[in-house]
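The structures come next, written out as structure tokens.
What follows is chain A paired twice: with chain B in the first complex and chain C in the second.
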Partner chain A sequence: MKVLSLNFLTCAVKACKSTSGSYPLHPKDAELVEDDLEINLDLLLNVMTRIDWTALSTTATELGFPSLPAQAPTKEELEGDEKMIKDLHHLLMETQMMEGKLVCGNCGHEYAVREGIANFLLPAHLV
Partner chain B sequence: MQPPITTTAATDDSTTATATSKGSSLSLVANPAAAPAAAPPSTAASLAASSSAAEAADYEAEHVHAVYESIAPHFSATRYKPWPVIADFLTSLAPGSVGFDVGCGNGKYLGVNPAVHMLGSDRSASLVRFARDHGGVERSQDVAVADGLALPFPEGRADFAICVAVIHHMSTRERRREAVRALLDCVRRPSSGGNGEDGGQILVYVWALEQSNSRRGWDEGTEQDLLVPWVMKQKKEKKEKKSKTKTKTKEVAAGNGEEAVVVADNVVDSSSAPAPPPADTTYQRYYHLFRKGELEEDVEAVGGQVVRNGYDKDNWWVVASRCS
Partner chain C sequence: MSRPEDTLSADVHYDDTEARKYTTSSRIQNIQASMTHRALELLDLPSASLILDVGCGSGLSGEILSSLSPEEGGPHVWIGMDVSASMLDVALQRDVEGDLLLADIGQGVPFRAGTFDAAISISAIQWLCNAESSETSPAGRLSRFFNGLYASLKRGGRAVCQFYPKNDEQKKMITGAAVKAGFGAGLLEDDPDTKNAKLYLVLTVGAAVVGGKSGDITGVVQGMEGVDVLDGRNRGKSGSGEIKKGSKQWIVKKKEQMERKGKVVKATSKYTGRKRRIAF
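Let's turn to the complex of A and B:
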């Protein structure tokens, strides 16, 4: 599960979705794997406007990455910044959470991640 | 749980079915309406008509979730070719779009457009593993196990969501509508005052009741709630077995625009009748066949607006957005 995907995941419990604490989910005991992928510039440049930058900053910090800039780079800024392209490509696309848990900050439920696959099926009492 | 068995190559997309299906992957169709005397006490029809939400969920656990869990390798091996309408929808998305494939199965749509980011989810953990590796180990896809009625996706963020051959497995209309609502909730709202085109879009495919031109021959008068078997053949003892299973009556059908099937009136529930060792293993999947206009009604009932719609290979489909 790429870090980019973590930016589009929240708690599956209906009552949590409207609370600010449920997003982003917090990685716990995360085992990361770093892939070696070619940069997909068409995707990377254009996905920036879709990313919740505040949530991404939180996730990056929790996964042990250096702090991100306070603001998301615009497409134009990113186009001219090779190092930023490389860094964001590495964080968003090449870094995968393979094992561990994703924890809801509202209800505290822990979703297991195994072999890169998060399981969001809820126990009966949370449905 | 059945012991591991070897299956024959099965057929899938109707484009390939004619080439490979002849006699290789026949299964049985249970039609409770056509054979009331032979149907189990809880037929698909009677249950769907009068069940509580909990009963409906339990029913789907048995007749949808458990089945896909059991047939996952076989099912995955038969699902490889993207349908053109869906592939066109995905390739027409703007670069950088982010979206979901709810009920992604083996993930055949996840890599269709490399300029968008897709996250697949499915209720079947087994199918999700196939989806992760669909593009090869080097290009693993992002997938999660999730229920279509409790999706882990934030409200209003996605540019798109697709849901192919999933909602017809929900056994009450209320649950089918909730499933559509869950999809709409994922995608961006259009700006108010606009024509709705700047919002996110969902694409939904469901099996059609009207299939008079298909070999199934189902049409307006057919019962809409069916159990449709998936048969896994054992490779060895194939000849022996064939001679024992000549109770099939008439060849009419192909499931979900895909697997070749045969209608019979003597189908037994696989859970209540343990098959002798050489027999095929039959799993019963629940389907609700959508009549013309029904999917659009469901979309509009939960605050969606139909952008375009159509009929494709025995399925009804809609592209819809949220109301602004």
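Let's turn to the complex of A and C:
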């Protein structure tokens, strides 16, 4: 599970839909794996506009990465900055969460992650 | 044609053997590939995008998404959802590039608003029409799915869902649920009235006009070869607006209405709605 996906996932429990605490999900006991992928600049630029930078900073800190700059880079800044592209690509695409749990900040529901697959199946009373 | 969705739920039907059979069958692989290419054509993505694969199974369609060359607008990054753990297991062994989620689409789509550029679904959503427990109904599952999907797509985004409806009723139920969720919905049928008929539900989010084309399916297929557009949206309106009050047509319509309500209505004859002869 890429860090990119973690930036988009929210708690699936019905009661959490309307609360702000359900996003982002907090990784717990995470085991990370690093892949080697080619940089896809088009996609990175495309996705950057949609990334929630505060949530990404939180996730990055919780996963033990050095803290990110306070402001998200703009498109122009990013296009000119080779190192920034590389760093973001490494964090968003190449870092994968293989094992652990994703915890909702609101209801505390734990979604297990095994072999990189998060289990979002819910018992019927929570749907 | 066998319909496994009539007998079992998706996670039970696709056990280890079924999942392997499904993925290794070259016939299924071919059909899936051609349907994925067709869906991509309908999505018409300009550049590398983030795509949701609904009911990704073993990643047969996802593989195509990540293998597109930059000239074809790829390679896309995708996130797949599926309810069958065995299918996902096969996907892991095949080492697909997208992220996988074990999730039931009938329980909603657990992504925040505006996440995806597009969504694709190959032979999956007909499974929503079968609810196997008393707690859920097909209508409820469909509405949760389409509401979740609508929210998770960005404005101007599109979703293409290929599915196998059992009958017209199911077709109506699925499109109805999509329209209710707010989508602009249309159906595209390839090879109609043959054994290989394939039905694609094309869903659009927001954006009435995109680049001079209308935002719904008629805009999507504009410029495509061999597509006949049958627009049934205005048919009902123009019919009822022209009936003049007091005319024979109007009387017959009213009688039909009353009959439907269970009232006793006199039979319609050639004298119905006729003027009486002037007595003097």
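The working rule: the second predicted complex is superposed on the first by the 125 of 127 C-alpha atoms of A that agree within 3 Å, B and C clash if a C-alpha of one lies under 4 Å from a C-alpha of the other, contacts with A are read in each partner's own complex, and residues count from 1 in each chain.
Convention: contacts are C-beta pairs under 8 Å (C-beta built on N, C-alpha and C of every residue); 3 or more make two chains touch, one makes a residue touch a chain.
Every value quoted in this text rests on a predicted model; they were computed, and no experiment measured them.
In the three-chain model built by superposing on chain A, chain B clashes with chain C. When the shared chain is aligned, chain B and chain C each come close enough to touch A:47. In the superposition on chain A, A:9 makes contact with both chain B and chain C. Touched by chain B in one complex and by chain C in the other are residues 1-2, 4-5, 8-12, 14, 23, 40, 42-43, 46-47, 50, 52, 115-122, 127 of chain A. On chain C, the positions that touch chain A within their shared complex are 47-50, 70, 75-77, 79, 81, 83, 88, 92, 99-104, 107-108, 110-112, 114-115, 117, 133, 135-136, 144, 154.
Of all the residues in chain A, the ones that touch chain C in their complex are 1-2, 4-5, 8-12, 14, 23, 40, 42-43, 46-47, 50, 52, 93, 115-122, 124, 127. Chain A meets chain B in the complex at residues 1-2, 4-5, 8-14, 17-18, 23, 40, 42-50, 52, 96, 111, 115-122, 127. On the chain B side of its complex with chain A, the touching residues are 94-98, 100, 114-117, 119, 121, 123, 125, 128-129, 132, 140, 142-147, 150-155, 157-159.
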